[in-house]
Structure formats: C-alpha cells, structure tokens
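Okay, got some structures for you below.
In what follows, subunit A forms one complex with subunit B and a second complex with subunit C.
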Partner chain A sequence: MARAEAIVRRSLNPRAIADALVVPALAIGVGILIGAVVIVVTGGDPVAAFSALLNGAVGTQNNVVATLLRSVPIAIAGVGIGVALRAGALNLGGEGQMIMGSLASAAAATAVAGVPGPAGIVIALVAGCVAGALWALLPALLEVRLQIPILITSLLLNYIGALFAAWVSSYPLRDLSGSAAVAQTALIPQEMWLPNILAGTRLHLGIVVLVILPLAVAWLVRRTVVGYELRMTGANRLFARYGGIDVDRQVVVAMLTSGAICGLAGAVVVLGLNHRYIDTFVSASGFAWSGFIAAILTAAAPITTVFAGLFLGGLQVGAAGMTRATNIPLQIVDVVQATIILMVAARPAIRAWLARRTRAA
Partner chain B sequence: MELLFGALDVALLASTIRLVGPILLASLGGLTTERAGVFNVALEGLMLVGAFFAVAGTYWTGNPFLGVGLAVLAAVAVALIFAFVVVDLGGDQVVAGLAINILALGLTTYLVKPVFGTTGSFYDPKMPGLPEIQIPIVHDIPVLGTLLSGYSPLTYLAFAVALVGHVLLYRHHWGIRLRAVGESPVAAGSVGISVRRVRYLAIVASGVFCGLAGAELSISLVTQFVQGMTAGRGFIALVAVMFGRARPIPTLAACLLFGFAYALTLRLQGGSVPPQFVAMLPYVATIAVLVAVAVRARRRRTALLPVTEVVLEEGSIATP
Partner chain C sequence: MSASDAPALRNQPQRELPTEAAEAAEAAVSMRGIVKRYGPLTAVGDVDLDLAAGEVHALVGENGAGKSTLMQILAGVTSMDAGRIRVRGRDAAIRGVGDAHRLGIAMVHQHFMLFPSLTVAENLTIGKEPRRRLLVDRAAARRTVTELSERFGLTVDPDARVRDLGVGALQRVEILRALLRGADILILDEPTAVLTPQESERLFGVTRNLAAQGRTVVFVSHRLEEVISHATRITVLRDGRVTARLAAAETDIRELARAMVGRDVVLRLERHETEPGRTVLELRGVSAPGLHDVDLHVRAGEIVGVAGVAGNGQSELADVISGVVRATRGSIEVDGRDVTGASVAARRVAGLAYIPDDRFRVGLAGDASIRDNLIMGRHAGKAGQRRRLLDRAGIARRVERVVGAFRIPADRLDSPARTLSGGNAQRVVLGRELADPHPVTLAAQPTRGIDVAATEFVRRALLDRRSTGSGLLLVSADLDEIRGLSDRIVVLHRGRIVGELTAEEADDTTLGLLMAGVTGTPGTRGPGRPGSVGSAAVAGAPEAVVGAPEDIDGSR
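Let's look at the complex of A and B:
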C-alpha cells in the first residue's frame, strides 16, 4: 500500500503536474478554440454551444452519471493502449480488441449462467480479457517475427473483428425475441450484470476499475522489473537489447497486456452497460479511439490517462446535450479532439516555443 | 477452388480495374511522400475529405468535374495542416497522421448536417456521377472492349500517373530530388535542395491524389457520401506502397491485387458464404500480402520499407 501511495503522491506532485500538463492544457485550449471557430463558420453561437456542453456533461446528477458511464470504457481502453505505447508498440487495434472482448464476455456470460454471482462475472470478465489479448497477439507476432508494423496489422484487424462480431450477432447468437433494428445477442442473465452502485441510475461497479486499474498499471510499469524492461524497450530498443532485455518478448507481453485491458473495456460495456452484445455499438461510440487520444495526450501515464478519459467522456456526453439544446451536430467534438492530438503531435515544437517564451520573459 | 476459377472471367477483371481506382490513386500519394521521407498514415483521412467534398461540390454545382476540383482543393487544404505539423513543427509523423484521420472522420460526419441536412449519409438521385468513357473503336472489340473501355476518367488518370510517375521518379530531375530528400535529407540539403519545399510539395501531391481517390469513391463507384466510407482503403493503399517498396510499377501491381480482392467481394455477395466473411476479404488479403512480402524481404535481408522506419519519436511517448 505504501508503494501505491508513493505513486499517487509522485503523480500529484505540483511541479510534475505543471510540467506534464502544460502541453495538454494548451492543446485542449486550442482545440476548444478551433471548435468554436468551426461553430461560428457554420452559423452557430459558440458561447451558447459550450455552456450547453458544460451543462450536458456535469450540470445535473444524471449528466454526471452519464459522463462517468461513457468515460469508463474510454479510460480503460486508454490505459490499455498506453501499456503498448510504453513499449513502443503502436496498438491501433484497440477497437477490434474491445469488440472481441465484448463478444466473448457476452457469450461467456450466457454460457456460465448457472455459476453463482461473482464467480460468473469474473469468468465473463476474464473471457473478455483473453479474447482481447488473443486479438492483439497476431500483430505483435508479425512485428517481432517479420517486422510488419503493428500499426497496420492491428488497424486492419479492427475491420475483420467488427465483421466477425457482426456475423456472430447476426447468425449463431442472434437474439430473435426482440425486434431491434440492429443485430444483437440475447440479454445476459441478471445475476451476471455488474452490480449497480447508485440507486435510480445506471452507474455500475465498473467504475471501480478506473481506480484499481491505473494504480496497478502504474505500479507494474514503474516499480517492477517487467515494467522497467517495458519502458526501456519503448525508449530505445537497441539500448534495451544491448542491456540484455529480450525486446521481442517485451513487445509481445505489452501487446497481450494491452489487448487484455482493451478486452476488459469491452467486457465492462457488455456486463455493466448494455447487458448484451449490440452490433456496431463499440465502433459507433468510438471508445477505443477516444482511449487512444487519452493515452497519447498524457504520454501514456496510466493515472493521468484516466483523467483524460474522464475529460473526453465529459466532452462527448456534453456534446450530446449541446446537440439537443442547440442543434449543432455532436461530431464537432471530433474536431476538438483531432486538434488536441495534432497539438500533441507537435509537442517538441510547442515545448521549444514555450522555452523561448520563458527565456525572453 | 471451383468457386474461384468459376469467378475468373472478363467481367471480374473489368470489375478489378473499376475498383482499383481509389486505392491506386491514394497509394500514388503515399508513394510520393514515402520517397520524400514522410510516412503518410493520413491517406485514409485525406481520401475521406476528398469523398465528402466531391459529393458536396457535385451537389452544389450539378457538375461532377467541379466536384472533383473541390475534392482536390479540400484534401490539399487538410494535407497542408499535416505538412505544417510534420515538416515545420517537426511533429511525430504517425501521431499527426492519425490526428488527420480522426479530424477527417469527425469533420466530414459533422458537415453532413449543415451541408446536406441529413445525418450519417447523403444520397440524391438527381446528383450526376462521373461519366464512363467509351473509347470509340476499342469499345466494339469483344473482350478487349470490356477490359479497356468504359471506366471513369479518374481510373484512366490513375494508370497514366502510375506509368508517368515511373518515368518521373527515375528519369526526371524532380524524381531525383524527391528521392534524394527521402534517402538523405542532409546530403540533399548540402547540394542546395530545399528539403522543406520538397516535403511540402510531396505532401500536397498526396493531397491531390487522395482528393481524386475520394472523388472516384464517392461520385464514380457510387454517387453518395457515407460517413467513414473509405473503410481502411487508405491503409490498404499504404500496404500497396510497402509491397512495391515505393516503386510505381510494383505498387500498381499490388493495387491490382487488392482491387481483385474487392471485385471478388462484390462477386461473392449473395452467394452461400455469409456476407460478413466475404467483406473481410480485402483486409485478409492485405495482411496475407504483407506476410508474403515480409517473408521475401527477410530472405533477401532487406527492410520492408526503403526509406522511413516506423518508430515513435524518441522521448515523445515512451519516456516516463
């Protein structure tokens, strides 16, 4: 526990926060500014839009719950993708891994329906993790064995996974009882649902993962030998290899872990939110890409990634409220998000510019 | 096997050529930046911007050729953002490229509503698509006519650019400068070539090609815009560039292979295989091709890509 406290204390150190937050804060500011410009150009009122957005995100208890519900899968996926980034593996397959995790947990939850409460839920969660990890294994093996970039294969596997899940939920596991327009699997038994933790809302126990997971990953990455080797592999593969680290094994382990966490995110969507696999829900919600943005924005630091995930979740839920209030399409948020990552991509130049400003002042 | 051979006929080959256009045009863009030392993950997004504005331009003016023009302008505008971040700010190429993709997906989905008043997709039966060009005499020759005639002007343009590009890249001083910048920016700079200018021009060229690719997709193959309609074609084009090691003719060959996968997908729809598995074909084929190329590259001990290496910029992500 003392270790966990040390990690929290270090990541809450004011100077460390200031240093780590300047670029993200600037990025978010410019992102919102660009979003406002787009709103003005397309004939909207940015002030009304953003106040509707803020209200939609955190204005009422229901809105706060909606923000939390949306942030859970984003933040989990973000932490997962961050693990791969730390090892220098560009896992763009978070979406496919989440989809496979969702599908597997839905199938497992139905299959083990007789198992009493917690054990059954754990089995379904593990099934999601395993499916996600397996979906990340192929890109990892192709990179270490054949030097095929993970970023390409993991991305292409998103489409294959989405189509596979579409088939499973349209034919073998299709729920024929309802008349839903979208293919979906049958509702899982109620004892397999993640317990509700706030009466009158849909807030579920999955939110606890947002506390435990980043601490666990932060501990793993910063305080264990595996984590050290992982960081070395990401920082400089040649140096890591020179130091005796089995770099290929690190990349595979990082991708397996990353895929497992993304699979967990998918399982939480099924067990906590929808209680069934709904086709195209994961990709349409853009959970994995938002997770990727959260990870990139925070340089893959697990604890801050969760906060970035909460921010992005709030932005998206708030945008839905803004759309209801002002009729501005909610995809304006994607424009804000893309601007944020462009700024982060330019981080070295921004750092240099800030340093010049500081010297000049 | 019978299924495969039964499907191999002139109509299928013609369908291959029809469907190769968007991938070929985008991969020509990827090839150009690759030769200048810029790994272009943004092809997907630039193409999507092109697809949207081709439909918008055609809808506004009623003229599909003006739609193509607008598609090119819009894709170039977005490519300039990419160029600014990558060339002037020294940003991470992969992260910046992914940002462009997310921007393109969000922006085009956003604009569907204010521009067309619908959500998600837009289709208007009155909207004209690009015409098919019937080559006068060739058109009447039985098999050859089907194979060579009746495609969109952009398809002919794509093949022409691939062939002319081969000559430009190896025989013209433009190509030599481009390759010099990609292979050794320092050496190129030392003999007076502006690395910045060449990289900007290469990225703008990829914007032009991706704009055309998007237009071919949205106002020629179909005449509608659907959100995210590029569906990974930009990445498949990137794989074609890797397959061809950024050489025009082998890249063209790879594109034809992927075009064939798309043609087969269309042919097999409605057969006994579930549609979802049929739709996987281009993606599975792309991964299979990558594996084949990588095995070959390993035997010859060459890198998968001739110029740039795909690594995260040191210190941007991985350092604590």
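Let's look at the complex of A and C:
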C-alpha cells in the first residue's frame, strides 16, 4: 500500500508538469500500441479497429455528443481528485463521493420541487457538493487526527457509500411507478433538469462546468494564498510546517474541496443525464476511476486534466462503437487504460531512459 | 570450515604483495587521466593521482569538486568513463567493490553500515565467523578483534553492542572491519565530520600508525587546519581538476583555500565588538523530547553558539524554539512575548527567523519553483497579515530584492529548487529568512555541506545580521565556526546545557571535554552537573559517554 502510494505520489510532483506533454503523449502512444498488439494477437485488424474507434468517438454529431456526455463526469471528478493530489492527499474515494453527491442531489431535487427553476437546480447542485464534501471529510479527519492514511479510508468508504445508496434507492426512495429491474429513485421534476443545449441530442448545460471549473481551480491554486499553501503542503509537508502553514488544516480543506467537486460530478450525472438516481450507474460507468487516471496522467494540472478526461471519454465511447462495427471486445479499452496507468507510474523510469538516450546521442 | 581454521580471520584475502624493493618503491596507487561525466556535467576531468605506501594523503576541495567521486572510483563504488588505475605497479580493473577489496582497497563512508543489535565482534566477523564444529567460536572471534584492535591502536570493546557506541567508536569499528578485510589502502570519507576534537586527534593517531606500518591512508576533508596538521601530502581539486599538489609541511591555510576556491578567501571574519542589548530570546527550564531543563537567553546584537556532538539535542532545541515541537515544560519568549504555546506562524510574526539544519528536507520544497520557495512565510503578506490573494506585485518586488542581495541565480527562478547546488540552495534559504529585520535569528548548521565560498558568504550574512541588532542562536557542528562567530558558547550534552564559555575560553580541550559530557573542568561556568557523568570519562575514555543519537532521552 505504502509502495503504491509512493509510486503515485512520485508521479505527481510539480516537476512532472514540466514534462506534462512528453509523458502523457508517450503513455497514450504506448497504450494504443499495446492495444494494437493485443488486437493483432487475437486475430483482429488494428487499423480497422482504431478507425472504427475514432469514428465511434467523434465520427458523427451524435457520437461527439456521446463522448462529451461521458467525459463531463470524468473530467469533473478528475479535477476534483487533482485538488487533493496537489495537497499530497491521495483521494481514492472519488467514486463514493460521486455516489453520495448523486443521491443527495436527486433527493434535494425531489424535496424542493416547488422552487422555481434555476434556484432549485442550484440547491440540488449544492446538495451534491455538500454530500461529496462530507464523504471526503471523514478520511481527512482520520488521517489528520489518527494518522490513518486517506488512501485506505477513502477507498473503503466507496463500498460503504455504494451500499448505503443501494439501500436508499431500494427502500426509502425507491421509484415504484415503473417496472425497472434496477433500483432507482423517482424521476425528478423536469424544471430541475440541467437545460438541454443542442436540440435533438441529450447534450446538457453541464458541459459549461468543463470550462468554468478548471479555470476556477487553476486560479485558486496559482493565485490565492490558500492555493499556495495547498501546493506547498503537497510539495513538502515538513517545509510547509516549517514555514508556518497549518498542514493538517490544508489537508482537510483540500479533501473537502476535492469531495465537493466529485459530489458535483455526481449531481451533474443526475440533473443532466439520468434525471434520477440509478443504483450502480456511477460505479458501473467507472467515472471516478477514469477521472483519477486523467488527474495522475496530467500531474493534477486542472486544465489539462479536462483534456485528458475528454480523451478517456472518447476512448470509452469509441470502443463501444468499435465493438459494434467489428467483433473486437470492449475490454481492449481496459488494456489501453491500464497501460497508460503503468506508463504514468513508471514516469521516473521513463525519464531516466530518456536521459540515457539523450546522453548516448 | 574445521576447527583448525579458527583464526581464519587473520588469513587476509589472497593477493600478490610486492616482494621486490623496486616494486615497493612504486606508488601504491597510480590513477591516470581519470574522467567521470554525469550527463553534461564533468565530475572528474582528467585527474592524475599518486598515492604512496606509508603516507597519509588528504584530498580537499569544495563541494562538487569531484573528490568523493574520485575516491568512489578507486573504491569500486562508481565506474569511470576514461582513465587507467595501477595498483602496486599492476594494471587494475576495478569494476566493483569486490574488485577493490581483492586489491586491498576499502572505503569507510560517512554513514556507518553496522548491525546495531550485534556486538562489535559479531559485526566484525559476520559472514566469516570462526567456527568450532557447527557453532560459532565466539572466543576466537573476540580474540581476533582484540588482537587487531591492539595492533592498530583502535581501542574498542569487542563485547559492546554497536547500538551503545558513540560515533567515534563506531568509526573505529568500521576501520577495523576494513583492516580485517585486509585493506592496506584505506579511504576515509570526511572522517572527522561527526567527531569531537579529542576523537579527531585519536583518529589521526591511528592513521599515523597505519601509515608507519606501510599502509596508505587517503582522507577527504574540507577542514583545512586538520589537513595541514595530519596529512603528509595534499591534493586539491576544483571543478573536477587538480589545482594543487602540496606537501603539508610546506603550505598554509591561505594557500590551500586559494587553491580550492580560485581566489583569496577570508575565513576568519572580522567580528566587531557590539554592546548586547535587551534579551530577545529566552528559554526558561524548557524540556521536550530529547531536551532537559534548558535555560538559555540571547540578547540583541550577540551571537550565542550551541556546540555539541551531533545528536545531543541540537535539532530538538531548534525544533522547540521554532515551534515545530512544543515544549513539555518551561517557557519560551521571543522579543518579550511568551510564545510557549504559539504556532510556528505566530512565532514568525513575533520576530523569529529560522535557518533549518536540513535545507533540502525542511528548508526547501525541492519540486516547487525557486520563486515559490523564496516567499514561504511571507506569501500572505507582511508579518501578521493574512491576505486571501497572492500579492503578485509585492512578491515580484520582494523576490527581486532578495535575489539581488543574496546573489541567487536570477535566470532560473521558475526552475525547481532541487536543481540548485548546496551553496545556492542555502542562499535561497538565507535570502528568505534574512531579507527582513527580525529580532531573533535561529541558524542551525548554516554552512554544513556547502563550499568555502558559500560558507564565507553565509558567515558574513550572519555577522551582518548581528550588527543590525538581531540576536542570533547559532547551532553548529563546526567548532571553528562556533568559535569564530559566537560571543558566548553553550555546550549541549544529552539534551542538557552542560556549560557556558566565552569565545576566548573555548579552546579545543575545554570544549571537547564539555561536548563529551565532562563537567567541572576549570574555566567553565554555568550549570555543572557533578555526578551526571561517571569518573571514567575523565580518565580518558570520552567515547564511553558520548551519546548515540538514540539514547539522548536522559534515561540513565
């Protein structure tokens, strides 16, 4: 566990932002290459497969919209997880925080049904943020007070959150009107839906978050005193403490912010996409884990994290298209993603290899 | 192995020793055209070095001059890119530590590599224990160690547990281990860095002894006095090249320093008399983990030096003053304000500047930019302010001012701090801490590991600070530094202040005895604690009471 933590931490230091272009490009390139090798080995045609994948991701307007819809929660969660990473906290609880955010926003949207449109939406979004933040607060306090690593507690809280949400959507808030096999809450009133912004598609206003959020986080981290203290806490806790920064407080603040943003990602799924809480949807989609990949791939730089989120969303949607067009299994995407994670974790080794190559040249 | 092999330890590794007089006259080691590059950096560039049998050879140079790299090449720790090494007149291919050992070359590193829970004899014989049937023959092992330690004057108790030994004794064990391996070319890397003056003297007694027996001793050092008094020949390196080969008897410190730095260096800085003002730092009966009942005060315009063997409470003292660790008893005042329970930030506001002892671990964030490192503690505005946004214009002005005053490389402000050399890193720390007037400055090991030129700069900065009326507490393992800069000196031993001296009273003997915990020596004032130290210590075995870092909790 500690080793894994060290590896992820090492791949996250601000110096990595300098090679922000080399490593992600190399990681993605090798990921695709290994994906191609697997396709060839299993008797497929990699060129056909990847052109089908590209087409599935961005080939038509519908496919572009599908990619965007999938990328929105991934990118938001990625930015959220990145905030904690910048303070040196490994928030693996993004999924639990998203689930709690989804559930809370669905419940809030139903509860405040009478409130006129925008205000109601804001209340539901805020409810999602608060729920996510609270779900992230417990691991932060456990680390600060009792030195139990956030890495472990935040991860384990995912299961508790998922089971709690399963119970809530199966019993107290279960939608009994339909005949859906899966547990879900009632459809929220239509005025609570995030407005559609492209007629004929499901594209919703949540996409705006992808523009505003990374800019806001980048500004917070680079221009504010709290942001400076957060970065220094992540860069060297001993140094931060020596300089008079309340390191424990920074960890709590970073986790609260991180959890709130992950909760927002969950709320956007409910208010923009499904319009209700559907049990297991968040975990089955793997939004938070894709977000985590996006964050570590870009060393938690918020703006590039969004682009990484768009890439991963496109990869996943495109793979679905590829599976329909060819008979190559969807799991090929997992191979590509796993390779990317490996490459990012191996960043120090890659850097050493590059250094050796340049010296030899 | 059978019982008859019991004294096998004396069977040194097989190798061909020079038998003829002609061969013996040849250099023990001759290194020619040695080159070692790290990427674009040339650590060692075309160096020739001859080591004769029967000499004590000193290798001096600033940090990064290449002296350690050169020795690591000889000891097989590092490979070379070009060059030729001959040992006792024969071409030698040293591809690893094993090759070096077979050639009789061994290096004693700064960090000891011993098993703390085993005895000295067990540590020394591990892997090649003398056996009696299936059992380890402890008596034989002990005999071997005793015999060897007597032969070389390296007194150690073979039955002592390594964890109970002081640094001086640990070093002797390491040297014994090298000799047991049959080393007759012994490399000591900064051997006196952790020793009291008496222990250093003792060590050099041993090296003289070894040289007299025809062995070769090379030691790496940056303490010019000891180099001149204890080496036979001196090789000076600068930027990976040899700048001087000197006979110790025919040179002086000035010439050595010039060869090291490339210009004249002022090592002993002029200390103007000042009239100490009001008390700006006061500790009354302060206890904390590793510290016991410390009374200490610093007045405006004076430097108080804290001397002691490493690990006797120096870092604990710095921690408790800076606020990283809270005092369990007693009170601390900064500039008349009680800060006993105050946070680090509050102490900074009260007027404390702090240069920590470990600049890369504590004093800097290596991955953050130099600019970010320069504003720590002032990022929220002036002392006591709490802005919400970073004041970018104010930060830019401050950074510009500090960079100019402390000669920090200005073109690299956005590079990570880890890319700085030790000296430049310390300039960043100094610049940050000394850019604004503070009533109290706490400086811990301010020149450790930095080169002569940067050392001069740092000492000057501290004296400037003093003349502006700041009170300084200087914690340093470098006794020359303590004596050269301090108005008063206190000595820490096992977390207690065991004596206070003026700079004039602090000769090597007096300081050394206090550092070893021997109190009641004529010429010392302050809290002598008779009975706290056994009389054996006075009888000339100071290492017996020099605390290893782990037993400074005073549980005696």
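Note that in this section the second predicted complex is superposed on the first by the 342 of 361 C-alpha atoms of A that agree within 3 Å, B and C clash if a C-alpha of one lies under 4 Å from a C-alpha of the other, contacts with A are read in each partner's own complex, and residues count from 1 in each chain.
Basically, contacts are C-beta pairs under 8 Å (C-beta built on N, C-alpha and C of every residue); 3 or more make two chains touch, one makes a residue touch a chain.
For clarity, every value in this text was computed on a predicted model and none was experimentally measured.
Legend: residue contacts after superposition of the two complexes on their common chain; A:Asn236 is shown touching both subunit B and subunit C. Once the two complexes are overlaid on the shared chain, A:Trp167 sits against subunit B while remaining clear of subunit C.
In the superposed pair of complexes, A:Ile332 makes contact with subunit B only, with no contact to subunit C. Contact with subunit B, but none with subunit C, is seen for A:Leu90 once the two complexes are overlaid on the shared chain.
After overlaying the two complexes on the shared chain, residue contacts for A:Gly43 are found with subunit B alone; subunit C is out of touch. By the touch criterion defined above, A:Thr60 reaches neither subunit B nor subunit C. After superposition on the shared chain, subunit A has more residues touched by B, the comparison being subunit B against subunit C. Look at A:Asn196: by the touch rule set out above, it reaches neither subunit B nor subunit C.
Once the two complexes are laid over each other on the shared chain, residue contacts for A:Thr224 go to subunit C alone; subunit B is not touched.
In the superposed model, A:Asp246 lies in contact with subunit C only, and not with subunit B. Counting contacts as defined above, subunit A residues 231, 235-236 meet subunit B in one complex and subunit C in the other.
Note for the complex: subunit A touches subunit B at residues 38, 42-43, 85-88, 90, 92, 142, 146-149, 151-153, 155-160, 163-164, 166-167, 170-171, 221-222, 231, 234-236, 289, 292-293, 296, 299-301, 329, 331-335, 337-339, 341-342, 344-350. The touching residues of subunit A, when paired with subunit C in their complex, are 13-15, 223-229, 231-232, 235-236, 238-246, 355, 359.
The touching residues of subunit C, counted against subunit A in their complex, run 39, 322, 324, 343-348, 354, 356, 361-369, 372, 375-377, 379-380, 386-390, 392, 416, 418. For subunit B in complex with subunit A, the residues that touch the partner chain are 41, 81, 85, 88-92, 94-96, 98-100, 102-103, 105-107, 109-114, 119, 231-232, 235-236, 238-239, 242, 274, 276-277, 279-280, 283-284, 286-287, 290-291, 294-295, 297-298, 303-304, 310-320.
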